[in-house]
Structures are given as structure tokens and as C-alpha cells.
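In what follows, subunit A forms one complex with subunit B and a second complex with subunit C.
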Partner chain A sequence: MTTIFEKIEKDKAHTHVFIIGVGKYPHLLNGEGTKLDNPMGLRQLTSPPISAKAFADWILKNLYNPDAPLGSIELLLSPAGEYVQPQDGEQFPVEGATMENIKTAFDRWYNRCNFHKNNVAIFYFCGHGLEKIVGYPLLLAEDFGKNQLRLWENAIDFNSTYLGMARCQAKTQCYFIDACRQTPSELQEIQEIRATALVHPSTSQKWGEVLKLFATHTSQKAYGLNDQITRFTDALINCLNGLGSEKQKKQWLVTTGKLGLNVTKILEKSNKEPNTPQQKPEFNGTGIGIIHVCSKPPSVPVDIALNPIEASNFAKLSLFQTGTCVSEPQLDLSSQKWKDIVLPNVYSCRTYFPLSKYCNPEDTEMWVQPPYTEEEIEVIKLV
Partner chain B sequence: MSKLFLTLTGTNTISHAPVYVEILDTDLETVAELAILINNKQKIQLELGKYLIKINLPSGKVIKKVLVLEGQLNEAVLPLMSSTNQRLEWHEFIGNTYNWNTEQEISQIPSIWQRLWSYDKKNWKVERWPTKWKLTQNKIAISFSLELPPNQLQLLQIGGAEIHWRFIALPPESNCEVLVSPSVNKPDFNDINVAVTSNNREAETLLSYLISGNIRAAKVVGDWFVEKLLFEKSFNALGVTIGGYFLLKLGDDERLAKWINKFVNLIQWLPDISIIHSWFLLREDDVARVKLARSCLLEAMKQGIPVYTEGMRLLFDGLLLFNQDALARHEQDVEIEQALELIRNYATVTDWSKPIMTFYGTAPESLSLRNTGIPEKDTIGLVWLTPPTDDKWPLVQEIFSQTVESRNLSGAILSNANLIKLPEALASARKNQGVSNLAYTLSTLAEELPPDLLLPAVSAFRKNRVYTLGAFTKKLPPDSLSEALSAARKIKTEHYHAFARNAFTEKRSDSHALIDKLSKMSNKSYFAA
Partner chain C sequence: MPLIFVHGVNVRKGVSYDDDVNNRNALFQRFLLKEIVSNPQKVKILNPYWGDYGVKFAWDKKSLPQSAIEELGSEDELPLILLNQIQLEQELNSETVLLQVAKKSIADVIDLLWAVSAEGADESQAEDLADLAVRAVDYAKHNPHPDWLNNIENDDQLLRDLQEEIDNWQPQNTTSNAEDSPQWEVLGSDGNWNPISRGASRIKSTVVSWAGRPITNNIRGVLKGEVANFIGDVFVYLSKRGTQDEPGEIVKKIIATLLEAKDLINTEDDKLIVVAHSMGGNIIYDTLTHFLPDIEVDVLVTVGSQVALFEEMKLFQVSDETITAQSKVNRVSKPANVHRWINVFDFNDFLGFATESVFQGVKDFEYRTGNLLLAAHNTYFNLPTFHERLAERIRDTES
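So, the complex of A and B:
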């Protein structure tokens, strides 16, 4: 059983989610099964099942779309195990992400998605990914390499699957692919790879609002620390939580157009942190399809730098709203930036220098918006 | 209500480019979205109050300014950007990456060359470089303009001693700007980044918004752009192409239909147009439309290579769709299979991260990911971006340059500077020894001289250094060398190099016959003949 949630009202649009997290690969390096002759350097992973569970947790706890409320979640994890519902602690046995299980769960997901034209379809994959032709990802199921004679039958041909999804009625479709996109040299020698399309494409290609969001650019790696959620999924969840939203008619909406843009901005910002590998997502999003309506305004990170930077050691900062101090940013010693997390709004930032070594005669106005706000304040050194 | 007259100012380089501007009120809600042309005053009506003006440049840079509207009339002038190098400002504006920070300068990567290819009558051929070329003195990045003939697919090929040979499709415009810089991704490695853009500010700005994924910006700028495109009488192929991709991305069937009706028959040489047409047709499940969509894809194959990477992706995906559709019906579509096979080869050597079609190979139809070095064939149009390490090349460069300068000396035929016609020019050129020498030598070097004119060419120009150079620009196959020497000794020594080159280096099927002919004949009788 992989359906961890199902609540569908007849004739109504819903959001249907399919989540795959593959960390266990028995036929790759350090795997438990018969090893593939050439595993292309691919080994066991720990982040994908954790990331997939975190994504499922977020969907169950938070996803709110009045036009398409949550209808179902299909979850496959490798290693297989139990999924504990975050709200009530109910336990669900979850099947492994073998190709057979993926196909079966996909069919259920597809049929539900196809039931109503205003449905929202969400597909999430975290695990090993490869590209034989750059830009055409292959997503590896748990049993990839089980049969050396038909090596690619247990890999998902994502591009064909995506093109096939044009057959599905669901007007809004999102694809989140948290996987590497490198081309090992071994792949270059293979003439043609016949991976599995989960739905065969047809020549009818009428699309609604679509977001394809890849954790990384073509030919690049996607990163995650051992036993932790991946960088991409972390940014994705933060953006779904509101950092990927924009305010429309007093509501904070996460849309197909904004989500990819803001996940990219967040990862690009974290790329600047020391000892962080470069990872730039790639996305292809059209339109304004609503994925999630935030129940409250998002909490937005704020970074404030003083110029000259030496002034930071002598300063004290406060954020004001209509004359009232609402927050006091704290100095991060490593970056020498003042950091805070506040609600989106227009603030006045007041900079004090108790020792009077510098001064800033005017408050600085800050319009804080998701996904983050960065401000530089010039101060004057007093002689 | 209050009127705001907003002007975004910039230098001439970016003047009149449309920029996406968002205006937010203090509730952080967007109250206006518009495309403003740089250096044009734009009137906006707003309620009195405080606003955040967010200017989203196509490069991704965002400029913010808070304005307070207090009276009936308000005016704001906001400067956009200032570049230290005006030549690079346009690239900077639309977000073409280049690397100022790396320790490697372009001048540190030796022997980078380039040449132009054009597609004519279903064949690719090397073109003469269209302008007089001088090695640039710029150390950090090389930027230059290119003038291109209308209505023809053109590729820029760039390679080097250690640089993989790549092709970059040139925009369907009469002018384009090229920027070659050390690779941003691999600054410690001898690799380069090539950015090509046209001077069509409106279309290129829209393209940049589309590529950056800022679909809101693309929609605002694109709506304005497409309205002009569909209703104005004049048009250019670049604008039509970018407009088509924009409409397809938005799924705007109504305006796509108008686009198809207006442009498809007017621009029949550009594969991108056929590809957009095909995908428009695929948006409805109608047998006749699907059949026509298939024809459009096959037509695009005949037209050459799409200029934009998006076109290549749609072509590949389209062929995949038709192939799978046939397989699902247990049928075989041979034409589609053959096309797919060809495009699959391109797909494996395409740099999908670039907006404009970029792929690797020795020739447009001879694909290879890892070819480096200096071309040995088709060197007619080759020019150097950085100085060659091999000392034979500067001389070739010099000779070509001299000939371009002396194009008027030999009369009408030479004046069009078409090297292929040089043999025809010889008759008139012989009257002027200097010109004939130059013409012969150049022809020899350019590999355009027919074999039977090679000997007189060599004789006419007795400066050994030059014709030796011409001969040795090709490598003799080792197994042919002794034979060449033997044959060459029987004729005048000074003919050896040119003869050997022509006979052997071209791997001509009639090499042996040519040796015999040349060995037997005396120079005197030959010239008499």
C-alpha cells in the first residue's frame, strides 16, 4: 500500500501528489544485491527518503488550495518502511520504489489526476538521475541494474513521461526533480537508451499551467548532506511555505510562475555561503497556476550589511513599523551581516552607534518581500 | 488620481529596449505592471501615496526605488546601469555572462580561431570572413560585430589548439554582436564562453526574460511586442521567431493562429518557423493538423538547424512524439525515424544550457564533442581571435589581409573578393605581375585553385617561403611522402611543395594520375600548353 492519503469528493477538482524517494539501490556500489558490471560510480544515498518524507509531511500538514484541495498522496520509498503521519501519528507501510511499484502507483495517480480538468498534479522524485542526452533526464528506480540485459527498463524516461502527461486532463501540473543530471562517460558510448515512459506520449500536446523544476542544471550535480534533507527539497519546502509566494488580493499565493523563480533565488543565495557547492536549479514554468494558498504571511529572511563593514561591530539595528520597534536584527559574526526573519512589510531600519564612532542620520526604508530581502546601509564614520 | 511620468535612462547601447517594471503599494500588492522603453517618458496613473518601483532588468538584476506621489503631476527619472565598457553594456543588460573576476584572460588562451558557415541549397559551406579582421588587443574578453546576409542560416565556428570546436547559430538578423570570454564555469581551464546576440533590442530583451524564467516579465514585454509584430507591416525574421516562441510558451492559440497566417509563408528558410508552426498544430488532436505538423517538422529538417535551442528541443521532442505514435500503432515511420536519428546525433553534442543553438563538431554535419586543434581544410575564411602559437599562421593571415586590401588591383573579377573566382581572374591578372603573384598564392593557400593551375601559380610566385607555406598548411600522409618526393624531383624543385600538397594532402582519388602527369611533363611544355 503506497496511498498514504486519499480523500476525493466526486466531481470536484483536487490536488494529487506522487512522491518517490530512492536511496537504496541494491545493484549499485555498496548495494545488497547482485552488482551491476559497471555501476558508473553510483552508490547508495541517504538523503532521498528523508527528503521525500519531508515533502510528504509538508503536503499533508500544509497544502491548501481551495480550488483544488488535497485529494491523494502516493508515496514510494527505498528502503521501504513505514510512514508516520505528522498530524495524528498514524502509520502506513510504504512500498519500495521499484519500477513495478512506480508504474502501479503512477497509474493510480494518473487516473486520479485525469478525472477533472481543474485538478493539480504534483510529481516529486528524489534519487539518482543521469542524462544520456543532455536535457533528457533518466530517473533511476530502486531496482535499476537488476537485469543487465535490459539495464534501462528500471529507469524512468522523464522527458517522454512528461510529454505523455499532455494526455492528462489536469490543468495545472508540477514536476519537482531532485536528482543529478550528469552524463557519465560510460553513457556516451551507448547508442540509444530505452528507458521506461510511465505514460506514452501522444501527438496531442495541449498544455495548461506547467512547472518543471529541476534541482540542478543539465550536466550538474544536485547536493544533499548525508542523513539530511537535500538542499533543493529544503528550498522547495521553504518556498511552498511562503517564500515562493506573492501577494494577490490580500492572499499570499504560491504559483507555477513564481515557485521556480524563488527556489532558484534561494539556492543561488546559499551558493554564496562558504564551502557550499554550486547548485543552480533549472525551471520551466508558465502561467499563474495556483499550487498553494498560504494560511498566513510568510516569514522572510532579511540580511542587512553596513558600509563600511567595520561599522557592524559598533552598531545596533532596529526595525520599526509606524513608529514602533518590531524587531532587532542580530549580527552574524561570520558574514558580518545583520540578520532577521520578519513578516513581509515596509520597515524603517534605524542604525544606532552607542559609541558614536559612526552615524546614520536617516532611517532606511526596507520593503521586505519573499523570498528574501538584502539591504546595504551606508553609514558615516565620525572623526 | 495622480499622474507619474517615469523615465528610465540608459546609454545609446540600451536605448529603447523594453524593461519590465512592477509598481507595488505599501500593502506589497502589485498595482501596475508595464513595459517601459528606455529613455522614453511613460505616463502612469496611480492613486496618491507611496510606491515601490521595481525595475526588473532582463539580466535578472532588480533596481528598486521608492516614490511618493503627492500632487497631480509627478516626474521621476531613474538611471538604469552604468557599464565601464560600452561595448559590453548590451551583453551585460540582457544577461550574457562573462567573467571579469577570473585570473585567466582570453589573451592567455592561444590559437583561438573562428570562421563562418552558411547553409545554401541544403549544403553547409565555409564563407569568407565578411569584414577585414584584425587581431584584437583586448585581453579580457573579445567583442565584435558581424554583418550577415539576409535570409540565410549562418553558423559561427570557434575552436582552438585546446578549445573544443563548436558551432553557434547566428541570429536571423543583419547585425549581431559576439562576445568571447574565458569560461565562467571553468575559470582555471582553457575553455571559452561565446555569447551571440543581435541588436534587435525588443526581441532580445523578450528572449532574455523568457530564458531567465521571469514569465511575468516576459508576458508584459511580450504582449506589447507581439501586438506590434502582428499589426505592423514591416517585420524582421528575428522578431517573428522570438515572438513565435513566446506565444507558444504562453499557449496563446488565438494570437499564434494570427502569427502563423501572417509569417509562415513569408519566412520559408528558417527551421524555427516550421517548428513553431508544427507545435501550434499539435495543440489540437485533429488528424489533418497532426499530419501537417509532421510535414512541418520534416520541412524544418530540410531547412537546416534551428537557430534557437528551444527550437532544437521542440524538433527533437516532436520527432520523438511521431516516432512513438507510429510504434504505438505497430507501424514504422521511416522518414521520422531517419530524421530522429540525425537529430539525436545533434542532441548529444548540443550545449542545452545556451539559448542560441550551440553544438560541437568539425563541420555542421560532422559532429564530435572533443575535437581540438587548427583546421586543415576550409581555411579560406579562418580568422584568429588570439594569436596562433604556430608561426606559419601569421603569414597566411598577412597574405589574406593584403589581398583583401588589394582587391581593386586586378580588375573586375577580383574586386568582388571572391576567391573561388580567382582562376578566372588570372588571365587579366597576368598583365600585372604583382597581382597575379598575389592571386596565385592566395588561391593556392585558399585551396580553391584547380590542380592544373597549381604549377603556373607556383611559377608565377617564386617566393619559396610563401608557396611552401601554402603547401605545408596540409600534412602529407606518411605513406605518400616518399612517392611525392620521388615524383617531385623529376620536375622543378620549386614545384615540389605545391604539387605534393595538391596531390597528396587532399587525398585525391586521382593522385597517382596526377603524379604521373606532372612527372612526365616538362615545365616548358606545360606552360606552352
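So, the complex of A and C:
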């Protein structure tokens, strides 16, 4: 069973989600099955099933879209196992992400998505990815390499699948691909790769609001820490939680037009953290297709740096709104930045120096917007 | 703390010079320097290049029989020479050549793969290769003839299982810091073994292109070319080394590097290490004893060098004709400004000589590889097992 949630009201639009998380690859390095002679440096993974579960948890607990409430979730995990519903603890056996299971679950998901033109279709994949030709990612199912004679039959041809989805009625479509897009040297030597399109493209090309969001650029890597959620999925969930939202008609909305940009910004910011590999997402998002309506305004991280940086040790900072102090940022000793988490708004930042070694005669106006705000305040050293 | 590497004969800047430097530096940091300092990554490694002042052949070595040198410089040269060194008994098969080597010795296949893969590797890849080499060498040391080789049918399978074995191997004399540092996994090919895969492809192509031709014919040409370069560089150095007041270009280059290294020494890192290969050993000995005798060197390592032979011929500026095997003092003292001197030689290296019979206070170590032409191709410093054994020798002399 792969359908972990299904609640569809007749003639109404819904959000249908298909989630794949592959960490077990029996035919790749350290796999338990008959291994490929040349597994192209592809190993077993731990973070994709964890990330896929985290994404499913978020969808079940938080997704709110009055125009297209959650209708169904298809989940495939490798290794196969149990999924425990975060709300009521109900357990679901979840099938492995073999190509056969992917095709079967995809067909169910496609048909549901295709049922109403105002549906929202969400496709999420986390696992091994390769890319021989720019813009043509290959997503590897659990049983990739099962047959050395037909190596690519258990890899998803994402581009063809995406083009095929133009046949689907669902007006809003989102594709989240958390996988590498590298070309191992072995791939360069192969003349033609025929992977599996889950739906074949046709002449019909009717697109609505679409977001394609890749964890990384072409020829680059995507990362996750062992036994933890991947960098991309973590950023994606943070953005769905509100850091990827924008205010429209008094509501904070996560849309196809904004989500990709903010996920990219968050990952680029975390690239600066120590011992963190570089990863830059790529996205192609159009329109204002609503994915999620936030229940409250997002809490936005704020980083304030003083220039010169030495002044930080002598300062005290406060954020004001209409003359009232609403928050006091705290100094992070390792980065020497003042940090806070506040609601989106305009603030006046006041910098005091109790020992009068520096001064800042004027308050600094700060526009705090998701996904984060960084500000540098120049202060004057007093002789 | 600086380390100076003085290269030997026949080193000229070309396509592979930077690759060799990157690879050698990375291996020094992973092996030798780990035995001497607590933070090898902080050590500045200086590579004075004197090849431009070495011998130049007015007729481009036309005096050598042409058939003997026509293979020099060919792209296939390195894999062929290394394969020849391993002296396989069977005819080479492009699908199983690495397996043949591995069945003889896992250490040999690691040296072969790493030496070939080092060419074309940039600085970052050289670092990755050196990291892998630490585990690979330790694995080979503890598993010289692993059973899993019996189930392997071709080189692809060999590389696959070798990667698995080495990736999963925890070097036994190191403590794992896995808990301290984050372990990133890559959702695709992590690429760490890409240079090794490319090296393996290069070996395969070489074997395919060389099918049916005897490898050994090639070796004579390399030998002759090497001897010509060696003699040439020696003559150029001896005739142009200059005087203390007016040192020659090669000596000036080495002096400048020694002074640069001296400036880098501070109270926290107070050691200066010099590693010299082949003719580089003679040049550094001459420099430390005559041209710049005031500089203190903590560890001098001469590898495949001829310092003792030159002293036997009394070719150094400080050579004392009265000190011979028959004199009352029958050995030359180690230079006073060199605290520890280790000399590494290989019986099969026709340019490497022992020193203990001629010098007092030097420790000779034999690097027994069974390989024929290590010095000839300067591959000593591209071989992980050489660096591992050099580090062992340093450890032995300290204990």
C-alpha cells in the first residue's frame, strides 16, 4: 500500500501529492543484491527516506489550501517500511520505490490530479540523480541496475515525464527534485540513454501555474547529512512553513512564483556556514499558483552586523515599532552578528554603546521580509 | 613550519609538472608531515624549480639511437613503464590488467592506479586522492591478498569492490573523528573515485593500443634518455654552481627558498624539513655545507640520491680529499646544521645510493619495491606506499 492519505470530495479541487524517497539501492555500491560491474560511484543513502517522510509529515500536518484541500498522498520509500501518521499515530505499510511501484502509484496520482482542472499536483523525489544531457535529469528507482542489459529502464526520465504532465488537467503543478545532477565519467561514454517516462508527452501543451524546483544546478551535487533530512528538503519545508511566502490580500501565501526563489536564498545563505558543501538550487516558477496558505505570518530570521565588527562587543541593539521597543537582538559570538526572529514588518534598529566607545547617531530602518533579512550598520568609533 | 622539496634531474615544467606538485604536496601532508607536526595542513610546502637552469641539448638528444627514444614523452609512457615494473607473467589483457596486478599485490595495484590517476588531477582532486590513499595504503598493508579477489572477473568489478573495501576501511592506527565532523552524503555520484576511474581507463586504453608489442623494448629508450638527462644536469650543476660570493642560478634558487623557509619559522613552528630527490640531494648537500652553512635543517630526507657517490668522487665544495676509507677518520661527518638525515634508496633504482659507509650520522633505509625504474620516471613521490613507508622510517628514527 502506498496511499497513506485519501479524502476526495466529488467535483471539488484538491491537492494530490506523490512522494518518493530512495536510500536503498541493492545494485549499487555496498548494495545487498547483484551489483552492477560499474556502479558509477553511487552508494547507499540514508537521508532520502528521512527527508521524504519529513515532507509527508509536513503535508499531512500543515498543508492548507482552501481552494484545493489535501486530497491524497502517495508515498514510496526505500527501504520499504512503515509510515506513522504524525497526527494520530496510525501506521501504514509503505512499499519500496521500485520502478514497478513508482509506475503504479504514479498512475493513481496522475488520474486523481487529472480529475479537476483546479487541482494542485505535487511531485517530490529524493534519491540518486544523474544528468547526461543538460536539462534532462535521470532519477534512479530502488531497482536501478537490476538488469545490466537494460540499465536505464529503472530510471525516471524526468524531462519527458514533466512534458507529459502537460496532458494533466491540474492547473497548478509543483516538482521538487532533491537529487544530484552530475555526469559521472562513465555516463559520458554512453551514446544514448532511454530512461522511463512515467507519462509520455503528447501534442497537448496546456500549462497553468508550474514550479520546477531542483535541489541543485545542472552538473552539480545535492547533499544531506547522514541519517538526517537533506539540505534542500529542510529549506523547502522551512519555506512552506512561511519563509517562502508573500503577503497577498492580507494572507501569507506560498505560491509557484515565490517558493523557488526563497528556497534558493535560504540554501545560499546556509552555504556560508562552516563545513557546509556548496549547493545552489535551480528553479523555474511561473504564476501565482497557490500551494499553501499560512495560518499566521512567518517568523523571519534577522542578522545584523556592525561595521566595524569590533564594535559588536560594546553594543546593545533594540528593534522599535512606532516608538515602542518590540525585540532585542542577541549577539552570536561565533559569527559576531546580532540575531533575532521577528514578524515581517518595518523596524527601527537602535544601537547603543553603554561604554561610549562607538556611537550611531541615527536609527536604522529595516524592512524585514521572508525568507530572511540581513543588515549592516555602520557605527562611528569615538576617540 | 615549512617543508622544502628539491626535485631531481629531468624535471621540466610541462603538462604534468603542476599535477605532480599537487599530488606530492597532498601526500606529504597525509603521511610524512603527520609524523612530524600536529597540524600538517598548516605546513607551507615550497617547491623550488631549477629545471630551467638544467641541461639543454643542442640537438635534442639526436646523439641517442632514435629507436631508443621515440617513445619518450608519449602519452602511454607512464602506464606502460609502471606495468613493466610490476613484471606480470601473463600477456596483458585490457579487461583484466588491473586484476592481474591486484592478484600479485593489492599494494601494487594501488600504486599503479594512484600514480596514473595523479596526472591530470587538479589541486582539490589531489587532496581527495591523498585522503583516499591513506585508507588505501592501510588497507593494502592489512590485506595484501584479500579473498574477495577470487570472485572478481574483470577490472570493472575489481574497481567496484576495491572502492567498497577502501571506503569501508577504517585505518587501524588512526582514531575516527566521524562523530566530530559532519558526514555529508551525496545524492548522486560523489566523484571521489572519478580520478581513479579515469586512471583505470587510461591504463586500459594503453594496453589496448599496445596490444602485441613487447613492453620491454620501451624501457631501454627511457633508460638511455634518463641517463643522458642525469649526466647533463650533473655537468651543468658542477660547472655552473658558482662560488659563495657568486653562486650559480640553481644554487641561487635553492638559497632563496631556504631563506624564504627560514622567514616562515616561528616559535610555534620551529622546524625546517627538506626532502630532496636524486640530483636534488647533491644540490641541497652542497648548499647546506658550503653556500649557506648557517641555516639549520631539522630533518633532511634524501631519496634515490647520489650524495655518497659524489663524496666518493670528492665533487662537493667542502669535500676533503684526505678523508677516505683508509684515513684515520674514515667517514665524513653529517653536516652540523642538519639535525637528522635520512637517506632512502632502492637496490633497483640505478641512480640511488646508500650513504652510511661514507657519512657518519646518516640513517639509510631501503625502499624495497622490486620496481625497476622508479627514479627514472620520478614516480617515487606519486606512489602512496612510498609515502607511507617514508613516514614509517621517520617514526622509526624518532622512537
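Just so it is clear, the second predicted complex is superposed on the first by the 383 of 383 C-alpha atoms of A that agree within 3 Å, B and C clash if a C-alpha of one lies under 4 Å from a C-alpha of the other, contacts with A are read in each partner's own complex, and residues count from 1 in each chain.
Going forward, a residue touches a chain if its C-beta (ideal position, glycine included) is under 8 Å from a C-beta of that chain, and two chains touch if they have at least 3 such contacts.
These numbers were taken from a predicted model, which means no experiment stands behind them.
> Determine, under the contact definition given at the top, whether A:G244 touches first (subunit B), second (subunit C), both, or neither.
neither
> Is A:T230 touching anything from subunit B or subunit C once the two structures are fitted on A? First, second, both or neither.
Touch status of A:T230: second partner only.
> Which partner does A:G21 contact after superposing on A: first (subunit B), second (subunit C), both, neither?
Neither partner.
> In the superposed arrangement, which partner chain does A:P277 touch: subunit B (first), subunit C (second), both, or neither?
After superposing on A, A:P277 lies in contact with subunit C but is clear of subunit B.
> Thinking of the overlay built on chain A, is A:A215 touched by subunit B (first), by subunit C (second), by both, or by neither?
It touches subunit C, and subunit B stays clear.
> With the two structures laid over each other on chain A, which partner does A:T46 touch: subunit B (first), subunit C (second), both, or neither?
In the superposition, A:T46 touches subunit C alone.
> Check whether A:D178 is in contact with subunit B, with subunit C, with both or with neither, and answer first, second, both or neither.
In the superposition, A:D178 touches subunit C alone.
> Touching subunit B in the complex: which residues of subunit A?
132-136, 159-160, 163, 188, 192, 197, 200-208, 217-219, 246-250, 257, 260-261, 264, 283-287, 344-346, 365, 367, 369
> Which residues of subunit B touch subunit A in the complex?
Residues 24, 26-30, 50, 52, 64, 66, 213-216, 249-251, 279, 282-285, 290, 293, 313, 317, 320-322, 324-325, 328, 344, 347-348, 350-353, 369.
> Considering the complex alone, what residue numbers of subunit A touch subunit C?
That would be residues 29-30, 35-43, 45-48, 126-130, 178-182, 184-186, 215, 221-226, 230, 275, 277 of subunit A.
> Taking the touch rule as given, give the residues of subunit C at its contact with subunit A in the complex, in rising order.
154, 156-157, 159-160, 163-164, 167-168, 181-194, 197-198, 201
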